[in-house]
Every structure is written in structure tokens, then in C-alpha cells.
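Below you will find the structure I want to go over with you.
Every chain is named by a letter (A, B, C and D) in the order it is written, and numbering of its residues begins at 1.
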Amino acid sequence: MPDLEKRDITYAQAVREAIDQSMGQDARVIVIGEGVPDPKAIFNTTAELSEKYGQRRVFDMPLSENGVTGVCIGAALSGMRPVMIHQRIDFALLAMDQLVNNAAKWHYMFDGKASVPIVVRVIVGRGWGQGPQHSQSLQAMFSLVPGLKVIMPTTAYDAKGMLISAIEDNNPVIFIEHRWLHQIKDNVPEEYYRVPLGQAKVLHEGDAVTVAAFSYMAVESLIAAKALMSIMGIGIEVLDMRSVNPLDVTSVLNSVQKTGRLIVVDTAYRTGSIAGELISQVVEKAFGVLKTRPVRIASPDHPTPTSHFMAEHYYPGPQTIADAVLDMLGIDSNTETETYRELCETLLRDGPHDTPNRGFTGPF
Amino acid sequence: MPDLEKRDITYAQAVREAIDQSMGQDARVIVIGEGVPDPKAIFNTTAELSEKYGQRRVFDMPLSENGVTGVCIGAALSGMRPVMIHQRIDFALLAMDQLVNNAAKWHYMFDGKASVPIVVRVIVGRGWGQGPQHSQSLQAMFSLVPGLKVIMPTTAYDAKGMLISAIEDNNPVIFIEHRWLHQIKDNVPEEYYRVPLGQAKVLHEGDAVTVAAFSYMAVESLIAAKALMSIMGIGIEVLDMRSVNPLDVTSVLNSVQKTGRLIVVDTAYRTGSIAGELISQVVEKAFGVLKTRPVRIASPDHPTPTSHFMAEHYYPGPQTIADAVLDMLGIDSNTETETYRELCETLLRDGPHDTPNRGFTGPF
Amino acid sequence: MKKENHFALFRSMLRIRRVEEALADRYAEQEMRCPMHLCIGQEAIAVGVCAALSANDVMFSNHRAHGHYLAKGGNLNAMIAELYGRSTGCCGGRGGSMHLIDLDVGFMGATPIVGGTVPLAVGSAWASSLRDENRVSVVFFGDGCFEEGVIHESLNFAALHKLPIIFVCENNGFSVYTRLTERQPNRPIYRIAEAHGMTATIGDGNDIEEVLSIAKAAVDNARQGNGPQFIELSTYRWREHCGPDFDDGLNYRSMLEIENGLKDNPIDKFAMRLKESNLLSQSDIDGYEAEIQKEITDAFQFALSSAKPSTKDSGERIYA
Amino acid sequence: MKKENHFALFRSMLRIRRVEEALADRYAEQEMRCPMHLCIGQEAIAVGVCAALSANDVMFSNHRAHGHYLAKGGNLNAMIAELYGRSTGCCGGRGGSMHLIDLDVGFMGATPIVGGTVPLAVGSAWASSLRDENRVSVVFFGDGCFEEGVIHESLNFAALHKLPIIFVCENNGFSVYTRLTERQPNRPIYRIAEAHGMTATIGDGNDIEEVLSIAKAAVDNARQGNGPQFIELSTYRWREHCGPDFDDGLNYRSMLEIENGLKDNPIDKFAMRLKESNLLSQSDIDGYEAEIQKEITDAFQFALSSAKPSTKDSGERIYA
């Protein structure tokens, strides 16, 4: 890790800087997506790129998700390094054929003679009535496809470093960013730097319980971890998984060796989530290490309702995580106990539940 | 289960009979797919339907997987009950948007005011150089989508009964059939009958190890089970899972209560497979019941190579399963031991490895 | 055209306009907590097309659905309640502005995945033809939607089976903030539909009478078994792509362009014409305004006094 | 046209024909264990189009790729070895007949998901234009493929950016055993491409000279920066859709139709014409036959004597 001079910028700014610097470094890098050069600039993650690099490197696109994905693959096969952007991961479902049948397999099926260096940025929507078709969290659908790399950086620091690594990577990389991370700040060096793909990171140390979390759920876990420590003196180890494929099971195993307890927190539908895959691999590889049954925390197995009245408890939060920890440790969590009530009060979100949690705005 | 008069027919014939009888029962049932009325009739699963029910109920289709899926959803919303067929599950990737964003969510997002009774038959290819784009086993990709039902019947008896249930079901059902099952015979009643969706079935009883298997892997597991019993007197319990979503974890738990050991055998890529999901749920729900570490048997995490020289060991088979069982039971499996050599000989496939295993042709 | 029809057309457009203006006014209260795409400025298309339909004809729509829903006769209370996320909403709150449905009036559903409902409309037309029903299906979509491959597949399927469907392309020149010229080459959209083997027409979507006559011809054709009909109608979106405000500040379109856009007001233009030919008086208009205001006030009243759905409820009706 | 060109065209078609006949003959030995789609009867399209290209132009293809691959100059030994699943195959055995590649001659890849390579070709043309390279991209696809939505998206993108690409639609009237009339309405395919805003031509795909002249015009246009070119060429598939045999037994097409199809033999027709104008003698032909036979025998020799890949090998080169 390069030495950081202090500078806090948001996740969105970090993403933008990664693309900007990558384009500066490598003339083969081009960017395309619906809205990339428009005034909103994909939540400002592509602002001014068109002005800086010109209309032959920065593109808006027709609403043709599958076709343009194929176009990007073809351009990559001809030596370009396209970064494609979908404002919602839900739209990428239209491009599954190109991503799964072509991008993921091209290098393999042509015996390594060619490769497909593309990055597909997809944004997971949440809040303000995003509803059934605009807030899916489909990482498991992509991560089960050999040949794709799938990453979900949580911090602005990782967003920049991992996006740079993704753009330099010779394989197709699905870069999944949770919309609620966009405004969270972190200390981000100005220089061009890489963060390797496929490695989890410890966000909060502890030896009571291992909490392996993905994307925005790592933030919620961190909030829970701080409260549990300050109020109850319970130290949980929060792992920011950062990458979905490859999945860093080794880091989880190392932590579990210490804690003997595992909670996996995912942003997705519960069943078939990457959380289940992780739990399974831990048990397969280190049977007997767990002292208590592993627990997964995720969203229920149904679409996201739009009404904020219904969505309120659709997403697990710090309280859900803290309760699971206490339950796993066999600690009494009835509202009678003084400390528990204090914990709950601390974890109470200020602000509406369908906007980002103000309980943590960074830096990490 | 209705009383069966003896009649053995193939899986393909059973599928055809289910559609035929459903069309006879219900005028709203229509069938569409590329090749449905052609001379090959989708591996003869749609033979003579066009002649019998006419061109206004049996259709070929343009090569428009996503569009025609949407057309079928629209027809279903208008009271029809379409059965759509893809000759390979790989082609259904083009239809992910319609299946995931519309079919799966319509009933939920419109508060139950409408429903989408469609059945999508998709065939998993294998053998004779099907290769990277024609032999994927993508059940996990569909089963993680709430709102879809995903089933993989193994026997001709279940193929007929479950397809009938699927067509009667008011929800979108993905009916996944493994091509190597098409020629396996089973005892299938002539009458119209239903087999409920979402229930596993015991194919072979035993109390040594629970082997939960999906689709064609249930056949391979059964072959292993018979050999292990006859040669070594080891009784493994083979569960034909039959359904992927809903997943019948309860049946697996009941069996594991007895055996304390679990092997899950899937037809898919290893990582992110439904096998991992099942192992995770078993451990989450019945922690401590397993005496040994759970094991998953699946294909490696890379596309299927076309060359039969390379594909030979891509797919796990009875030997893989038997070895895993012996290993789990701590039974010496070095080729020195007489009985093990006998086991291996018994499990040796006659016939080329890239054509269906002649070791079992039914009935179950 | 009969007098009542004029009244009806005018009143329907005015009603949609006022309803959406009310939505815009109250959106800032942050009690309608969902994305909202207003069709202010585009009302003539929804109203003109629906006026050509009979009650049993069905319709599918997209993210910008308020006008389509109301023009087809969709229940206003249920729509406002839906935007407020209440149990009495047309989706019980599960959908919000981008998911509208009213099966009683043949409004089959609107969803926000661009292109998502186009093949569904083809499928409902297919069902009609398989059952020999005298029912026409209509689908509204935008110029951006025309870029989706599913359009090609839908046009081909509809033409192949000669289905009774009307494809209505509302060409407002923008997909979000991206101009047509940045997404499509310089050639008319409707010609591509024509090349697929169907009758295709282009017209001024801000001229309600032109819309109606084009739509009437198309609906008659479709009903008579002449297969799919494609209509491309030009129009202009007044407000921001998503949200209640004007977006002059964004500078993706010039003030001049916006001014001209606002001048081309389908409602005022029609009112003027009717007044000139003495078919409509200011007092008629005032009467409508009053009725509509009342209706709107009641609808918001209804919505805000409706029950709030519970989290528990959100776990039900996942499977049919 | 120059004499050598005639020879080259004729020889290239004959070579493809003989290679595929040899494949068909030996397929029954069951050592080529992969699906195989023969282009026998359609050779003129591959040869005519490739003759209009220069060496650095690139090409994408589909499941019926042998002719395209060979016409572009793809390595014969590597292709035969690929069908035999050997390490020396152009994909090291990983692809088989439906996955061919030879980057040395600009054959970028052929894959069997219908429509899958069409946008890839557009993307390679896009890369050329972004780098101001004087390189034309070509993609071959069938009449069935034209039904895929990705065609619409690819045509639109190519036309929007005026890309140097040639879309070649080989219309053999069938998608597997399904006739065009059961899949598309009665209208010409190329007109849809034309409506997308590009030059589109239709011609006889079994007349090599016509194919060549159409292709030459298209390639010149594309090279001069006039944007995408679409070519629809009629032809006929002699053998079964997939596999080595004739499929007269399947009765999805009449004997009469088949007879007429076989009569319209692009190779014989051209030979006849050349002989009539004394540009080709029987001894020339005999000479070619002999050379080609030798080449084919050697290629099978090469394939069958090549190393067999191992299971271990199949786990490598998953990620770049």
C-alpha cells in the first residue's frame, strides 16, 4: 500500500478518479454507458471525462445492453480495454448471453489465444422506492460463472485501487458498486495505485465472532462492531470480503480459527446467495472449527417492495447483526437489560430508513 | 401415488405424454419452441403434437429467446398457459431479463392481481463435444431468483408427473431436463397424474452416508449405491432432490439425522452451485448433526472442453461418488484390496465416456 | 368529430396535466418516496390513442405511465395511493409510480425495465388471436426503447402472426438526458417497423386530432385482421426525466429548445382551436378545472387517509 | 477479372467442398466427436466475400464456419486437428467444429450461440475506427440469426458510428429444419438493414461472380468510410443441418426442392462458365483435385498423429 497523504474523497469520486487515471495511463481504455457524458454523469462517477478525453474515448450508448456488451467484447478482442457501465445491475440481465457465453468463456474456449479485458460496472440500487426491478443484488448470479471475476469494493480506497486493478486485468471483471456507498468518504491517495482482486480485508478486529460481510453490509457490520465494542466490550472481527469471485475463503478460515464463530452478511436474497456458498466452503474446508452454528444474514426471498412502509425491515441492518452476534454468544438480549437498551439506542438510525445510514460517513 | 399398471417408457416419451395430456385436459395450454413441430421434435418430446392439436396450439418460433419469452408471459397474463422450450439451457441466458425481471416478479409486484403460469423447458447438454456453450448446467442461476420455481426431475415417472404439476402451477416454472436422462426408461402410468413440486425422493435407502443428488447425478449416485451395497455391503441413502427451488432441505435433514454424513452431487460448476447452498442450509439448520465434514461433488470451475480427451474426467461419475463415500467412512480404498478392485471394475463404464452411461437404463 | 368527443379529449388531457402538476407540487413533501416520471407535455398521445380504443382493448406501458393509465380509465385514487405506498394503491404499495395496473379497465401493467412490456403486449395480442377475440393490444414505449433488441423480436413475431397490436412509439427526442442523435443514426424509426412488414405511420404527437385520426386508422386496421400497426409520434418532455422539477439548470437542452417545446402545448393548442370554432368556452374550461381540482383533492385525501402496509404484508403473495 | 482470380475462386470453393466431403466420409468413424455443420452448397458466399478482403481485414463467424475459416486462409491442419480434439487443433481441442480461430489470418473466432458473434464484429470495427485503422470487419450469419434482437442492436450501433463492417446474411431458407416462412413475415431481410440507415444489397449467393462484385462494392464502401454494409445472399444447404449426411429422409423439404437445390451448384456453375470462355480446362481441374486431395490426406494424417490433450490440460488457461 502506497503511503497516503491525507485526502478524504467519496466512493463516487474515487471511482471517477480510477477511470480518469486509467485513461490517462492507457490510451486503450474507453468508457461507454447510458448517461456517461450526461449532466448526471452516472452519479458523478464519469464527470468531465468526455471533456478531458474526448468523444472518441467516452461514449453514451443506445439502450442495447446485450449488443453493446458484445460490442465491448469485440473491441476488447481488438486490443481496446472498454469500461462499460449499467446504472442498475438489473439491466445487466439483458446482457447475460454476452457476459456468460462469450466474455467469460472466450479465453478458455480459444485455448488462451485471446482474452477479453473488459470491466462492467453495475450499480445496486436501494432506497427511495427503487422497488422490484431496480434494487436487485445479483452478485451470486455472476460469481457462479467461471471466467468472470466479480468484485464488490466497500471503501473508497478499495474502489479506486480495485477498479484500477480491474481495468488492468486481462479478464472480464464485473465491478459491483452499492449505491449507498457512493457518498461515503475515505482516505484515498492521489496517485495511481492498485489493490489486488480476490482478497478480503479486516475492517474491525475482534476474537468473539467472525462477521464476513459484502459491500454495503460491511458498513452496517462495522457500525454494529463499534457499538458492540464500546457498549458491551464485545469484539467481533468484521471482514470486508471485497471480492465475490474469487472468494477469499482463506481469510475467513484464518479468522474463524480464532473466533470459532461465523456470521455472513450479504446484500442479496437469502437463498442461493454467496453467503451460503461461503458458509459451505468454510464447513467443507475446516469442519469442526465452528463452535456454534454458522448464521447468514441477508434479505428475504422476495422482490423488494417499493413502499417504504414495507421496505423498512426488508434490509438487515446493524441491529440485526448485533442481535445475531449476541444470540450466537448466548448473551441475554432482552430489552430489560440496561446495556442492551443502550446498544439499541446507539444503533437507532437517525434519518429515514430508505436513505443511506448516517451512522457512518467515513473514513474507514 | 396412483396405482401403476406396468408400462416402461423413456423420459422423453414421458415428457411428451405430459404435454400431450395437459393439452388434452386444458385448452389454454400451448407449446412453442425452436423445432417443436420439426422432424426431430426436440428429441421427440413434442412428436405429433402439432398434428394432434393443430397449428394454433403448437408452434415453432423465430430465434428470439428473450422476445418470445416475453410473448409467452404476455399470453399467460391473458389466460393462456404456454410451455416454452429451449433446446439448450445455454440459450435461455438470452431470456434472463424476461424471466427474472418479469416472470418471477409479476405476481409479487402487482400485489397478486395477476400471475404468470408458464413452463420453460430447458435441456442440459452433455457429451459428444457439446463444449463450452452447449453443456452448461445453470440451475443455480435460476434458483436464486424468488418467484421462479426450478425443478430437475430424474425419473420418467417424475418427469411426467412434475411436468403436469408445473403446467398446472400458476407460477413460472423452469423445467430442467438433462439430455442423458431422455433415453432412460421407467414405469410410467398412462393416466394423467401429478407429482408435487419441491419434494426430494429416496432412490436408494441406507444409513451409512446421505448422498443428495440432482438430475443425472442421481442416476450416477444410484449406480454407485448399488455397487457399494452388493460388493461392500455399504448402504448409502441416495436422495433424488428433484426440485431446486423450493429446495427440500427437510428430507435431507431427516436422512442426515440417520446417517450423520452428507455428500451433495450436482451437475453444475462447483463454486456457487446449488450443492453449496444445500450444504450451508443443512449446517445452519442442524449444526452438530454431521459426524464428518460435508462433501460436494460437482464439475470443476471451468467451461466444458469439447475434446473428448479433455472432457473424460470433467464430469464426476459413480467412481468419484463411491470413492467419496469410502473416504468419508474411512475405508481403505487402495487398489490392493480385493473388494475395492472389484468395486472399480463394476463401476467401469462400458461404452465411451461421452455418451450416456449404459450402466443404468432403468426402470428406477 | 362529435362535440362530446372534443370535450372528452380536452378534459382527459387537462386532467392528466393537473394530476401530474399536483404530484409535482407535493413531491417535495417527501411522502411519495419513489421515482416518478412525468408525462407533462406528452398528454395528447395517451389521450388520442386511448380515445380510439374500446373498453375491452388492453394496454401495456412503461416507466412514464401516469398518462397512459389515466387515459385508459385507470382508477385515480388507486394511483395516488400507490405513489404514497399505501395498501389501497393499485399494487398495494409494492410498485410505486413505475408499476401501475388496473385490470378492470384493461390496463395490464406498466414496468420500468425499458422494453420489458413490449413483448408482453405482443403476447396478449397473440392470446387474442388464438382465441379469436376481437381485442386489440396497445403498448406505449419511447424512442430510447426502440434501441432494445426485444423491439426487433417483438415486431417480427407480431408481423409473422399478423397480431392485433398497436406499437406506439412516443418520440420525445431523449432517453434520460441523451439526445436521439447520440443513440440512433439519422433515419426515421417508423421505417424500420415498416420494413418488418407492417403498416407504420408518423405524426405530430402534440396534435390531439392528428393522434386520434392516426390511432383510429391503426385500431381499425388491427381489428380488421390486417396485423400489427406501428405509430411513431413526436412530442416533448417538459420536466426532468425523473422527478417533479423543470431541468433547465442541467443545460443538456437549450433554453430556446425548451421554450419552443413549451409553446407546442397540446392542451392549449387544442383549446385554442376549439374556442376558435366555438366548440369550447372558457366557462367549460373553468368547469372542468373545478371538477378536476375536486377529484384530485379527494384522491390525495383518499391516499393519505389510507392504511399503511406492514412489513409482515411484504412477505406475502410471492407465489401464486 | 484476371485469370488467376478465376482460378483462385474456383480452387478455393473446390477445396472447401472436398474438405467437407472428406469430413463427412470420415465422420462415421466416430473419431471426430463433436457437432459438425457443413456448408456444402454454400461455398460461393464464403469464397466470394473473402476474395474482396485484404489480408488485415478481420472476420467473425458462426456454427457453420468451415467455409469461412478456409476461405479466409485459416490453417487446414489446425482445423482438422480441432475436429479430432487434438492438442494441435486451433483451440487445442477445446472448441471442436463450432469454435474455430486463426488470428494469423484475421479469423477472430466462430462460436455456436446464434447471434453471439455479430456484436463482436461490430466491436472490432469500432476499435478499427477509433484507431483510424484501415481495417474492415466482416461477420457471417444466417437467416435464422436475423431474428435475434442483437442484430437490431448491432445494426443500430454500426450505423450510428458509421463503422467499417460488412454484415453478410447467408439466407439458405432454413433454421435447422424450420422454414423461413414459419419464422419471419413475407418481406425481404435486407430492407430492414436498409431502414437502419446503411447500404443493403441482395444477391444470388450461389453465383460466385455476383457475390464477389457485391462484396467488392461493399468492402470499398466500408473502407472509404461510408459506414456499415449489409449483404443478403440466397443459397441452399445440401446436407442435414448438423451432421455429415443428406437428410432427404426427414421430409421437411421435398425431393424436388432438394434436386433443384443440388442443381444450383455454385462450383459446377462457375466451372461451366469458365470452360465455356476457355478460362479453365478439365486438366486444370484435375490438377486442383490432385493437389487438394494430397493436402487433405496430409491434414488428416497430421490430425490423427497429433498429441491428445490431457484432462490435466483442461484445467489450465481459464483466466488470462
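Operating definition for what follows: a contact is a pair of C-beta atoms (placed from the backbone, for glycine too) under 8 Å apart; a residue touches a chain by one contact, two chains touch by 3 or more.
This is a predicted model, so every value here is computed, not measured.
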Quiz item: Hide chain B: connected chain groups?
Solution: one piece
Self-check item: Partner chains that chain C and chain D have in common
Solution: A, B
Practice problem: Compute the distance, rounded to whole Å, between the mean C-alpha positions of chain A and chain D. | Solution: 43
Quiz item: Which whole number of Å gives the spacing of the CA centres of chain A and chain C?
Solution: 37
Quiz item: Between chain A and chain B, what's the gap in Å when you average each chain's C-alpha atoms?
Solution: 32
Quiz item: Residues of chain A touching 2+ other chains?
Solution: 62, 64, 66-67, 90, 94, 97, 101, 108-109, 131-133, 146-147, 301-303
Exercise. Return the residues of chain D touching two or more other chains; collapse runs of consecutive numbers into ranges.
Key: 91-95, 99, 111, 113, 116, 147-150, 152-153, 156, 160, 183-184, 318
Quiz item: What topology does the chain touch graph have (line, ring, star, complete, other)?
Solution: complete
Quiz item: Which of the residues in chain D end up touching chain B in this complex?
Solution: 33-35, 85-86, 89, 91-99, 111-116, 144-145, 147-149, 175-178, 182-184, 250-252, 308-311, 313-315, 318
Practice problem: In the complex, go through chain C and note every residue touching chain B. | Solution: 58, 60, 90-95, 99, 101, 103, 108-109, 111, 113, 116, 118-128, 130, 149-150, 152-154, 156-157, 160, 316-320
Quiz prompt | Residues of chain A that touch chain B when the two form their complex | solution = 66, 90, 93-94, 96-97, 100-101, 104-105, 108-109, 131-133, 136, 140-141, 143-147, 245, 247, 268-269, 271-277, 279-281, 283-284, 287-288, 290, 292-296, 301-303
Self-check item: List of chain A residues in touch with chain D within their complex
Solution: 30, 56-57, 62, 64, 66-80, 97-98, 101-102, 106-117, 146-147, 149, 170-171
Practice problem: Flag every residue of chain A that touches chain C in the complex, lowest number first. | Solution: 34-35, 38-40, 60-67, 90-91, 94, 128-134, 300-303, 305-314, 352, 354
